[in-house]
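Letters A, B, C, D and E name the chains as they come in the text, with residue numbers starting at 1 for each one.
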Amino acid sequence: MGSQLEDLKTAIRQALPDLDVVIAWAAGPDGLAHTPLFITSESDVDLVQWDPRCSQNLAGYLPGLRGKKVGIVAKGCDARSITELLQEKLIDREQLTVFGLHCQGALDPEKIAAMADCGRYVRSAEINGGELKIVSSKGACAISLENGLLAKCFRCTGADAQPCDQFIGEHGAPPVLKDAPATTLDRLEAMSMEERFQFWEEQMGQCIRCYACRSACPLCVCQDHCAAQSREPHWVDQTDHPREKLMFQAMHALHTAGRCTECGECERACPVGLPIMTMKQALNRQIKALFDYEAGLDSEKTPPLFQFRENEEHIKERKW
Amino acid sequence: MSVLEGKELRIIGFLCNWCSYGGADTAGVGRFTQPTDLRIIKLPCTGRINPLFVVRAFLNGADGVLVSGCHPRDCHYTAGNFYARRRLEVLRSLLPVMGIEPARFEYTWVSASEGQRWRTVVQKFTEQIHGLGPIPAFKSGTCLEACLGTAI
Amino acid sequence: MSENPGTNLYLPFMATIQEVVRETQNIKTFRVTLNDPEQMRNFRFAPGQVGQLSVFGVGESTFVINSPPTRMEYLQFSVMRVGELTTRLHKLRKGDQIGVRAPLGNSFPFEDMKGKNVVFVGGGIGMAPLRTLLLYMLDNRTDYGDITLLYGARSPSDMAFSYELPDWLARKDMSTVLTVDNGTPDWAHKVGLIPNVLKEMNPSPENSVAVTCGPPIMIKFTIQALHALGFQDEQIITTLEKRMKCGVGICGRCNIGSKYVCQDGPVFTYAQLRELPNEL
Amino acid sequence: MGAARCIKKDALLTWLEEVGKSRLVLAPRAQGKSTAFLPFDPAKGISLSGLATSSPKQALIPRHEALLEFRYTKTDQVPAQTGLAVRELIPNQPTLVFGARPCDARGFTVLDRVYDAGAKRDVYYCARRDKTIVATVACTEPADTCFCNRVGGGPGDSAGSDILVTELDQLYVLEAVTQRGEAFLLEQKLPDATELADKAQAARAAVRAAMPEGDSLLGAPDKVGALFDEMPFWDGVAAKCLSCGACSYLCPTCYCFNITDESKGGQGVRVRTWDNCMSFQFTLEGSGHNPRATKSQRMRNRVGHKFCYYPTLHDGALSCVGCGRCIAHCPVSMDIRRIVSKALTYEKAAKEHSNV
Amino acid sequence: MNIGVFVCHCGSNIAGTVDTVAVAKAALAYPEVVFATDTMYACSEPGQAGIIEAVQKYELDGVVVASCTPRMHEATFRRTVERAGLNRYMFEMANIREHVSWIGKDKDANTNKAAELVHIAVEKLRRNTELTAGEFTINKRVMVIGGGVAGIQAALDCADGGLEVVLVEREPSIGGKMSKLDKTFPTVDCSSCILGPRMVDIAQNPNITLYTLSEVESVDGFVGNFDVKVRRKAAYVDWTLCTGCGECAAKCPSKKTPDRFNEFIGKTTAINIPFPQAIPKKASINAAACLMLTKGKCGACVKACPAGAIQFKQEDEIVTEQVGAVIVATGYDLFDFTQYGEYGGGRYPDVITSMQYERLLSASGPTEGHIKRPSDGKEPKDIVFIQCVGSRDKSIGRPYCSGFCCMYTAKQTILTKDHLPESQSYVFYMDIRSPGKGYDEFIRRAMEEYGARYIRGRVSAIQPKNGRYLIKGVNTLMGDQVEIEADLVVLAVGAEAAKGAPQLAEKLRISYDTYGFYMEGHPKLKPVETNTAGIYLAGSCQGPKDIPSSVAQGGAAASKVLGLFSKDKLASDPQVSSVSLQRCIGCAKCQSVCPFGAIEMTQFRGMTKASVIATVCQGCGNCTSACPQGAIQLSHFTDNQILAEVHALCPY
């Protein structure tokens, strides 16, 4: 991957004079996850990193930078968010330069920390030949990258960033992965309605209402004006009751219905690790079944809830 | 005041002003006897129904929610019900994930002249909800209770 | 019931609206008394201090007490309708119950101003905080030098306290100038922007203090005008309208650097403001 | 203080259960993927490995807290005359916080200075504080995100605690730090461990000594204050921030709150809930004006408050205790250590970019 | 806020099954309700006086009336509260009659339910704001779409009322279906004799601009201010020069061009004037048949035309007309008779439609009024008329009655007898529908004076037999099989929606039914209005109609427009959406779902924000549902109002 990283740096260096900022990744505070990097000067380019630790979807920053000429480094799944933002005209294509990458999966630091049993005691970590080698106070260990990938990588349908202005490296197919982890949706399906309701009450009891899920969501474009914190309209109250927090999650799911690309940022951002993408996944399944539509694939299309057909082929209305 | 304990369940109807509200009126004019559980909230159009109203009603303890509007193509505002149909059909898949029995929610189309049909809808839906019984409650109790009991 | 307002920082005095005065199309004045006569008797405040009015079920919001401490038959608050709370306040009427957490914050330096000439420059609802000090001074007239008032509003119908203006205009012991941005045929006073009219009036900075309050843009140009007239930063006083929640310096909203507007303010001299970090 | 008691590790749960009979016990417990201070349940155990995800500040400032209850009343005779009854809801729950870490306990001292400030006492906070015993477990192994030693604390410090717990092989040694702690400890049927006090102290000192030294951040106030108008610096450090509240809500010293009325018909409560200074809506005024409208301004206030404004008001004490939760759980891996270090070395003239 | 609640007994209609006193008592407990009472008839004069008195005595700011459906008396009570000095929008109704007392038997449950309905009305009212209608100016011009008899009547009435009228017709001439008819029932007077002068009036009225061979391309704007783009299709003749002399047609070599006007019974030329009374009397070229336009060589007409009006290069032209109202009178089309295979329509030359038969009867038709069989030009002796071809038949999706076929068939049998005294007419029918003035007598005359033989029953098959046709059917009155041999079969085809009707409806933003007929505002009370303000209906576009009804509707639509235009300014309904500039992030989701184009994106201090054109907004609230942050709110149906209703019903 070394040369791919060098190619990326070169591409950024070349494009930088015409751009206000380029968003990429740099090494994070611990060795398990990289952190976003906002490049405004040539010297920043040296900090750029590209390896499976570049888990974050950087597309969420784009609407906030509207009006500037922005370059962005994107994995295949990140680009779907970009497509969606373009589709909703929340960003301008001509102001945007996408440095596209081929991705073979991004790591889930929580999962790795659990597997390596290294907690927050990592001294160093480096990627070498398909493995992440970790040295922590508990000793040294190596985790196979394939085992440490984010859940979404097991569902990957496009590893190459599209749209893309400059593709770095070779195009390729999504990683071939076995043993996809069971999703919460699958687990819920095995439960009774009553159990599911209780499941959410317990999960929401842990929510601290920090709204990291929303802030990290590239499609939560209301951000500063989110209805969750407003009184006009007053959809949710400010108390800590699980009901209100569940209401917010339903709101997030319905607001992103037909727009969510399942980039997983909401779950990745959640500091208490709640399975909050579940509802969005359920809606996506339904939208695929009803409208044969997946978000983030075509910037020319209209999200399914903002259009209609007089005769809906797949909607079976109840006859009374 | 709340629904009559033991006799009734909480059923909320969101009806469009032009067709279904009129249909319910027609049923009334025809003296078509119906169960008394349903409480109708009048809206201008089913296009006004944000699916979150339905979610809010369930989370607040509604046992059933019924949405009714103009038949497709008869929308007073030409297209409101077409949008509503998509939104509500998507909502339908959210409810079971949340642990809300999907049969607690239905949407349908009833015109202003279909008093008889309205009665049928109300009867069948009310039966359906009684078949399901009350919606599960939060173990943590009501919001006000939770606030007043902030022990920690 | 209100066991101990004062010791519980968040527990308001229970109060009753005695009178509602419609000032303009979007401003109403509320005259309230505390329900407990004892509390009302013991209530002390200084001109410029603010109070939090509670409409239970909606919330709280901050307003200056615009009646002077010299007239304690009621506490007066003037409210412009802008958001949820003010809209609900506007729907209240005589006899309705509200909560009052007051007094909060600092006051105008009315002691230090003794013996000085005072120039009041008020714009729109910004007249409310000036009113408390103005009336206080009129009630202690001999303590102060010349009193000049310039009060401006967008149009004649936007002038609050219109019922008091004839008295102020008629008084021999103060001089009053009224101005509007847009006049009407029967408007007998000035037409023009406040800073311009102020320059025309040409008050002397000699032994004077200017007190100004109004919309930010008006304050900005009024201060420029005062500077042009020779007023020093220390001679200019204003009061800040800031979003407050707790009113007791804890909740973290109203700080400008390490100063809390709800405690260290809302009254600042322009000299003090310039010392603060630039985050108004 | 003097009293010292000890308890065998395997007897800890039984003892906590016993304590739980007379007071609420809050102790860290793993739930799902996180650990939080929850009412102790012997069946579910406690989790004392490392730092809990959430800080124990919720023992004193709950995520939501009803301050007042109000009720509009009407009489049949004169319905036009609506009465209003308002009731204070002062907490009255004896509590033991067990398993806080020294940084957490130090966080309580940060809160104390604000909420219990002489004449200006927050009755809700103080009622809880007065009835709460904080039993802090000294750290044995600092995590890679820990930096208590750079902000004036240490892995075995007792500031803010009533009881300091030190792990010694199969034992916990409990030493009273405050009178309140002393009184509590004396009530407990636990073996005396006065003779283990030295050993415990030595253990704590060893951990402290083994902790990697970093540059002290105690000098930050002047430097951070001086950078106030240096917008490029703040723009740089805030660029990747998402404006979420994860850092604030997990932080043991962040105490900003919101007060809202939540009502149902004629009855309701005035609730205090956690709020987050990184949120746009935090400072939004009714008029639409927002004094901290941009992320950079809010970041400046957040860092400024912890490392400059608070110390200015409180004799130089930082309102950061170095627990590192904000680093460990930030969705974009922001690192406040790097921000403050950068501020300390930032040269305006050099126009150094501030990517951290 | 002070709210007063009035619970109506409606005599015993409500009080019979609802304890109205208990409802009023329960209402007193709701927030901000300071007065509640029961009343015998709230809508009666004393009932209204009671409301006004209470508003004044208790200083009420808002009123809830619990009574019948708001569709009945909402307007009444709004006026009442206005008379009491309140804003008319500070009023809500709880429907405790149609939705409670009339449908529930259990008095306790009814009482409880009624109280809850009052509760939600109170919660909604608490969040109402005073609204005042805005005003906007209107463009007092009207467009009539469709130049049939309904459109002609509407256009003339409007023009006589002093309005400028733009009349748009798809065909080269106005006149519509009526211009093809020979005589009209039940008076048997000459169709073109009564319609002709009206058509001439259209041409001569200075207030009327006539666009024939034109179609509506798009409609923007709203009541009082529509912008309509009209496509004027190329006639390949400059009509400003054409004198209508007809020389061109005489010289045109394409003499086998299908004749639309004559229902394809005869042939015409590629360039033609459709019929002698055509208005405007101008020639136009059928491009598909013209040798010049298809093959590039001919030009006979160019040489023939004395005015030099032929222009092969002419193209479609788009003109924009600004009007304040639109009358839609696009009429109907005839059922496609080939759909009934058993009748052989389209296969057997002598099985024809009733309209084709009209053309055979017409003196200006292809046979100059002589009834001749299309196959061999012989006069028929036995003629079978079959009714309900494309009417009252669910199996082909036409369950409705076309209304006028019974009558025109009777007329045609009478005319047949007049033309061919030796002939015999047979009529197969299902039922006779003749409810108009003089109609049933007319049918009787056909049977009794003109000897038409009416057979109640359907025809099962028609087979050619020795140059004639064998018609097999049943006589359901006699209960036996019938076989008749005939020379000519006339199918009484029913009416269906005009081609392109749904597409036009979408341009106009009006509704249409399953069959494509336009929906009137109310089936009884608003027969010529639509639910889109400023758009009216006349004639058969709303449903099949005979001539008198169409003319009546044309006049009614015109009077509606004249009534609308009698004011200089229109009041806009204030229950529309509005945008909070503070909360709007300019994502345009609202704009994308607005069915009326009522939302535009504007620039505000450098930011994009949505903005509602209040006069265009119809108050459906689709935008409010689409806005994730709730920045756009439909007044009086705000999120908070609906949420408050939900909270009132589902306390937690």
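Keep this in mind: contacts are C-beta pairs under 8 Å (C-beta built on N, C-alpha and C of every residue); 3 or more make two chains touch, one makes a residue touch a chain.
Keep in mind the model is a prediction, meaning the values are calculated, not measured.
Visitor: Could you tell me which chains make contact with subunit A and subunit C both?
Guide: D, E
Visitor: Go through B-E and D-E and name the pair with more C-beta contacts between its chains.
Guide: By the number of C-beta pairs in contact, the winner is B-E.
Visitor: Taking each chain's centre as the mean of its C-alpha atoms, give the chain farthest from subunit D.
Guide: Most distant chain from subunit D: E.
Visitor: Measuring from the mean of all protein Cα atoms shown, which chain centre lies nearest?
Guide: Given all protein C-alpha atoms shown, the central chain works out to be B.
Visitor: Could you state the distance in Å from the CA-based centre of subunit A to that of subunit D?
Guide: The computed centroid separation for subunit A versus subunit D comes out at 30 Å.
Visitor: From the C-alpha centre of subunit C to that of subunit D, how far is it in Å?
Guide: 38
Visitor: What is the distance, in whole Å, between the centres of subunit B and subunit D, each centre taken as the mean of its C-alpha atoms?
Guide: The answer is 45 Å.
Visitor: What whole-number Å value describes the gap between the mean CA coordinates of subunit A and subunit B?
Guide: Chain centres of subunit A and subunit B, defined by C-alpha means, are spaced 35 Å apart.
Visitor: I need the residues of subunit A touching at least two other chains; which ones are they?
Guide: 223, 225-226, 230-232, 235, 237, 239-240, 243, 305
Visitor: Using the touch definition from the top, which residues of subunit D touch two or more other chains?
Guide: Within subunit D, the residues that touch at least two other chains are 62, 64, 72, 80, 82, 258, 260, 262, 264, 266, 268, 271.
Visitor: Which subunit B residues reach two or more other chains?
Guide: 56, 59-60, 73, 79, 83, 87, 143-144, 147
Visitor: Per the contact definition, I'd like the list of subunit B residues that touch subunit A in the complex.
Guide: Per the stated touch rule, the residues are 51-52, 55-56, 59-60, 72-73, 79, 82-83, 85-87, 89-94, 96-101, 106, 108-109, 117, 120-121, 124, 136, 138-140, 143, 146-147.
Visitor: Quick one: which bits of subunit B touch subunit D in the complex? Just the residue numbers, please.
Guide: 143-144, 147-148, 150-152
Visitor: Where on subunit A does subunit B make contact in their complex?
Guide: Checking each residue of subunit A against subunit B gives 185, 188, 191, 193-201, 205, 235, 237, 239-244, 246-247, 250-251, 253-254, 257-258, 278-279, 282-283, 285-287, 290-291, 304-305, 308-310, 312, 315, 317-318, 320.
Visitor: Using the touch definition from the top, list the residues of subunit D that touch subunit C in their complex.
Guide: 67-68, 70, 72, 80-88, 90, 114-115, 120-124, 225, 228-229, 255-261, 263, 266, 268, 270, 272, 275, 277, 282-287, 289, 291-292, 297, 301, 304-305, 308-310, 312-313
Visitor: Would you pull the subunit E residues touching subunit B in the complex into a rising list?
Guide: Its residues touching subunit B are 26, 69-71, 95, 97-100, 102-106, 108-110, 112-113, 115-117, 119-120, 506, 509-514, 519, 523, 531, 593, 595-596, 618-622, 624-626, 634, 637, 639, 642-643, 645-647, 649-652.
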